[in-house]
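There are two complexes below, and they share subunit A, which is joined by subunit B in the first and by subunit C in the second.
The block that comes next holds the complex of A and B.
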């Protein structure tokens, strides 16, 4: 019981900064906050595993605690691991469906027209609510008839001398390929070709959030094997790029920290899209762009904050002519991937997001911009705004 | 001067004194216990908290070993909630004599202590953090005991049988009349009130301080003060007690106690005049760390929370420079028989482990002198909290209710209420609620923060009172209607600081620094009036870091 791999909790000096930054603790009094759930609780769980606190299930794994921690405690990871070790995940059919995004995606995109209509129908929503516990006030994401991979034409990329590999993720592939298409357009305009992995599995973020760690570890191993093949010197592929912040964070940080899958040799070459593009822009590789003449509000996703990636997206947006960007307060939207879909979390999720929704209602902007598909869903469902990915805005400005 | 009359007065609120109070009360004698500070403040509260199986003494002191294993079995029954039956390992490392294991097992068998020889692989399975270099291990029925809780439970039970505790009451003289001890003169150290307690029997259970008590009657009992130092680490690095399988030496026991582990002890002879001013030295810290790492290598990268030391109350029997070869045997002296001074009984020596037996022996002597023929029942009657009733508290989170039950057994039902205010967590490291604090004040005679810590673990976690001291002081003051608790913040933090000072590096240093900023700069502890009751600001009461500045550390 004491064979500890991670003792970062030992460095906690009880400053409580993490708890002051926890969106869940602020919204839900039943959650004791990351300090108690993480480092404090860990001492108790080591003493006696039966002292595991049920309330850990309320953690959304937003990772804001880890960003806030001045002592380098991996608070979120401590909590995730504790949940995994002490059976803290409820794993029913709902969790299976919500988390196995590539499997469900494959099935659903084949039958996209039917699935999309069905999940939008009131009786179906009520049924999902009653039977599975997927809150009926939420709209499940639509599926695309054509997956991103089916759309992607590798032959059109061969003319470029420089190449990157795009880790598209489940959402871009099955639900909405728009961002992927726009990334290809933007990079091509910068004279960079796009390749895909021979085989790509879900990064694992929804699996981990629902406790399917073995499955997530398998995916991690498969993906890293694919990365190694791709980044092999003969291919001259510069790096792996993801447009989804949670995917990028998982590939870079969660593989070693949570899943204990070593990515050390490749980690520096796995990048969030904005980081790569901002670097290119700084190096003078600026595509031809025309003014977009838009005023947008930028919402920073938690998992991008965790990577320290907000600055790259800001640089990307600032490089677009005619774009006025208003930075929203860095508050969590409350969706957290699959979390907000669960009936028991709906209220907490909404309460967390209130600050974002309220700030947006006082604003006069054309669009909201954010990097994360989950934030996009939450903001679109709760405000009148249409939400765009930064890459989409950049694609629109291409001359 | 207040005058009280009773049958028995007991001096010393350690485990032994508390045990005598309980035993006397259960046998129907009127009894009062006087303690100069708070319960378990002396040697009782400054040791390993190891529930010996006796194995440690089996080779060198068979008699003590037999006492230990008998009391071990009794306490596991009557003091269930103060004890954890963790089991213990005696490990043989490459540098240890491999033949000692057989000698050890044979000696344990002679003393009636069950042993089980484990291979290194088996030992690593039951104790994953044990030094993997071990050559072998012997499993014995060691456990852990919480000395504060044990003492408090004895007092609580004694009070329920009519016994009385007068803490913060110092004995300044024995009342001797016509060649007979017939009471004690005391002073309440908080209020200055003088109290005379007249009794037919006075029991000196003052441990190392018992020498002074005897001096009041010009009797000589020479104590042999041996200082022992220990370190506490942040969390339980081991699940079982780990000993070295060799003759007892410095720093060779690692005990998992409640949420922490502790390593000890050193042994150093000190002059009797120094017993009030002992401190842990850098050399001792180094020995403890180096030896602890040999038991559990993970200790090397675990944060040390604090260091502390106590004085073993051994009776001097020879000129042994280390004090280690002296028997920990129990010494009972009826001064009527030995010195022609009836009315006074001294009970000393022994161990925390044998407190109940010592209490029984002393109470037997008292009962004989008083003609009381009631039998001792302390070996069969469970202490309050050690019952088997389940505590049903579905409205409280598991870490909160689990910690409360761990500390107070079935008595936790008295404060785990369906009430949000009661269940508010005050000490977050150790999960102490407002309800538990109220219980400690109302039922366990806690009057200030230092008392409260012994009864609840408030302030004993990694933050060493930084977060909870202020909150808890407010609650205690509110409950008692007095400022004692508020004024004790300085003393409390000073006491915490004393333990942190010897290990001030790494995370403990960062923690202390944050404490300083919060305590002094934000909350203004420096401006609190002193706790000596005068209400004056004194430099001595300035919060702990003030002391650091003064001493130029």
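The block that comes next holds the complex of A and C.
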């Protein structure tokens, strides 16, 4: 059932706990904080939509407010919905390029060598900065010449009796297929085959962040239709798996809560990769692994915390022989997808991330591990550490 | 997924238990639905503040035997209570939070309403008064606000304090240091809560090389040589106590910071310190998920399910229920009953709604609901459908048998029972091989 009239904001006791946890309110005085932007503002907006506060655009949708609220108010979601309903988004070419990841990805992958060199050049970066407002201090993600889908060979998966369907997302497909390849290796080593959707659209995270809600809703409907085809197919696909925490959160939670697209019938079968793997490990399906002998620092992405998934990734990592895991303080890195790329957010994004960068500089580890590609970019850019996905570490240990 | 210990609730009680378990090498996880009562608490620890006639107590340990029979202190015993407090103090010190005390007696701590509450530990930034003679050496108190902060009213502090023993003849100076004096951009001062003021000060004042000097001179000017300067706790969360010490040295004043309406910065410091200690001991803290129920078999709890992971159950050898009282939803009421919502454990609430509270809410009488809680045996094990559950321990505010506000014993009960449960678990697990503990970071 869809909860169309959410009144969770009425449970707010005005304790301000959410504001104590909001990384944006801490870094940017222009943002009024989740209590005002969420439950307080909602009352005003219901009365008069013109009371919508433009400053809501600063919210990164990290959901930390929601995780901390002792009264169960869906603070972040209230804000997301208000943005969807009232937000006057500026939608110039920059927003289009940053958000239409699948379209731009298709174009860029084809011309990957040229695009990668070009976007790394100083004059191009200055141009992007001046013309589009994409901050030149940010390194842009590279594009992969061969997409994940082009690399993937379905014929090699037919021999497995068990099957899952991998929702690869835009980044794995167009920018860096590494994690996707590693997921296939890990699952195959666990005697599980991988299939892909016939057609996959961007989950909608960057679209929503840039105000393209109608487009995101279309994508949601298309993806859910594809999921239904896969899961109801009689060649028994167990579930849909995503390796990107924000994709998983969106497919499971934001579709019904923000986009109001009903996924009730399928939701339980959409899983974050480490949730699936941790459950397999617990059930005794452990692939052959050799010790990796590494010491790594684990950074937990906001959207994984929100889904209650940190425990699964920790289980997965703890299951890898010879891996010593040090958990970082669970702070936000500040990148938040396309947020940190925008010139006007660059400083806020860096300020938010400082705590993570500072903690890492005091540590002596071989690698940083995190599940999120956007956290990875931010941490690599600011600390000099190489960042690995948990699935990649597991793939390295396969015997 | 299998753990040695799963702690449900990440407040003072749950984290004390969890830190002790993790330190002993047990694989421990804390699942907490949201922020605990610590963000609202004073950041001081009360052990036992008042006797049954509501008179302040100097020697809490001496009074424990006079507590009503069901009080949790009787279950854990005085010795455990002492050990738990020493453990807690050492943990806080290791996280850089010095908890001061007056040796073996209570001291007085000042509240934002000018009341004096007997406490056992206070943070360095708070002045600790002698309970017997709180006004000793004090003839002039300045109560100074910052930037018109609305959650601190100097008039109320002064009115309350002047009613305390010995304060009748003390002179009071009330002042407010304007935002302009501090060069801070407090935009809409009416919207600033304590933490937002701290963030503004950090950004606009303390980043200036002479920021602390500006504040110090402003305080000197406002305080007019008072023997004690009372300010709201708004300067800083992290490092807030050290900042107070620096400020005292710089200004030559004796300054006392007072926790304000939520969020309480001293409370937040304590929450951060506890979480840090747990992480350092190798524990896993999961926030934002809610335990919905469990699977029992005879007199054991085998596993639990959470809202976010409904189809994956988490099992453990031992469980600790530290879900707090009504405020944290560790206890709930509906039209007909008071209950423990996670497992449906037996509670001692009466079915008669009329009797839950006194007619006059602030009349000073004892409300029945504040005695309500989970019934446990001498080992803090609760009862589930007539069976005592031997591997589930209840700790902190979820327990029955005490009125934390009236007796002034909330902190002591949380720390004492949390530690006690951990000791029980550790000795029960002693037969099973224990992992090597690693001090990390």
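Just so it is clear, the second predicted complex is superposed on the first by the 393 of 399 C-alpha atoms of A that agree within 3 Å, B and C clash if a C-alpha of one lies under 4 Å from a C-alpha of the other, contacts with A are read in each partner's own complex, and residues count from 1 in each chain.
We adopt the following convention: a contact is a pair of C-beta atoms (placed from the backbone, for glycine too) under 8 Å apart; a residue touches a chain by one contact, two chains touch by 3 or more.
From a predicted model like this one, the values you see are computed outputs, not experimental measurements.
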| item | value |
| --- | --- |
| Combined model on subunit A where subunit B meets subunit C, clash or fit | clash |
| First, second, both or neither for A:282, with subunit B first and subunit C second | second |
| Subunit B versus subunit C as contact partner of A:150, first or second or both or neither | neither |
| Which of subunit B and subunit C A:50 touches, first, second, both or neither | first |
| First, second, both or neither for A:11, with subunit B first and subunit C second | first |
| Subunit B versus subunit C, judged by how many residues of subunit A each one touches | C |
| Touching partner for A:41 - first (subunit B), second (subunit C), both, neither | first |
| Region of subunit C that runs into subunit B when the structures are aligned on their shared chain, from 56-64, 74-82, 128-136 or 146-154 | 146-154 |
| Shared subunit A surface residues [contacts with subunit B and with subunit C] | 15-16, 32, 36, 71 |
| Complex contacts: residues of subunit A adjacent to subunit B | 1-4, 7, 9-16, 32, 35-36, 40-44, 46-48, 50-55, 71 |
| Residue ranges of subunit A in contact with subunit C within the complex | 15-17, 19-21, 25-26, 29, 32-33, 36, 66-72, 268, 275, 278-279, 282, 305-312, 314-315, 324, 326-327, 329-330, 362-363 |
| Parts of subunit C lying in touch with subunit A, wherever the complex brings them together | 1-2, 29, 33-36, 39-40, 185, 187, 191, 193, 195-196, 199-200, 203, 262-263, 268, 276, 279, 284-289, 306-312, 314, 327-329, 438, 440-441 |
| Interface residues, subunit B side, partner subunit A - complex | 127-129, 234-239, 256, 258-259, 298, 301-303, 397-399, 402-403, 406, 425, 428-429, 431, 461-463, 466-467, 507, 510-511, 514 |
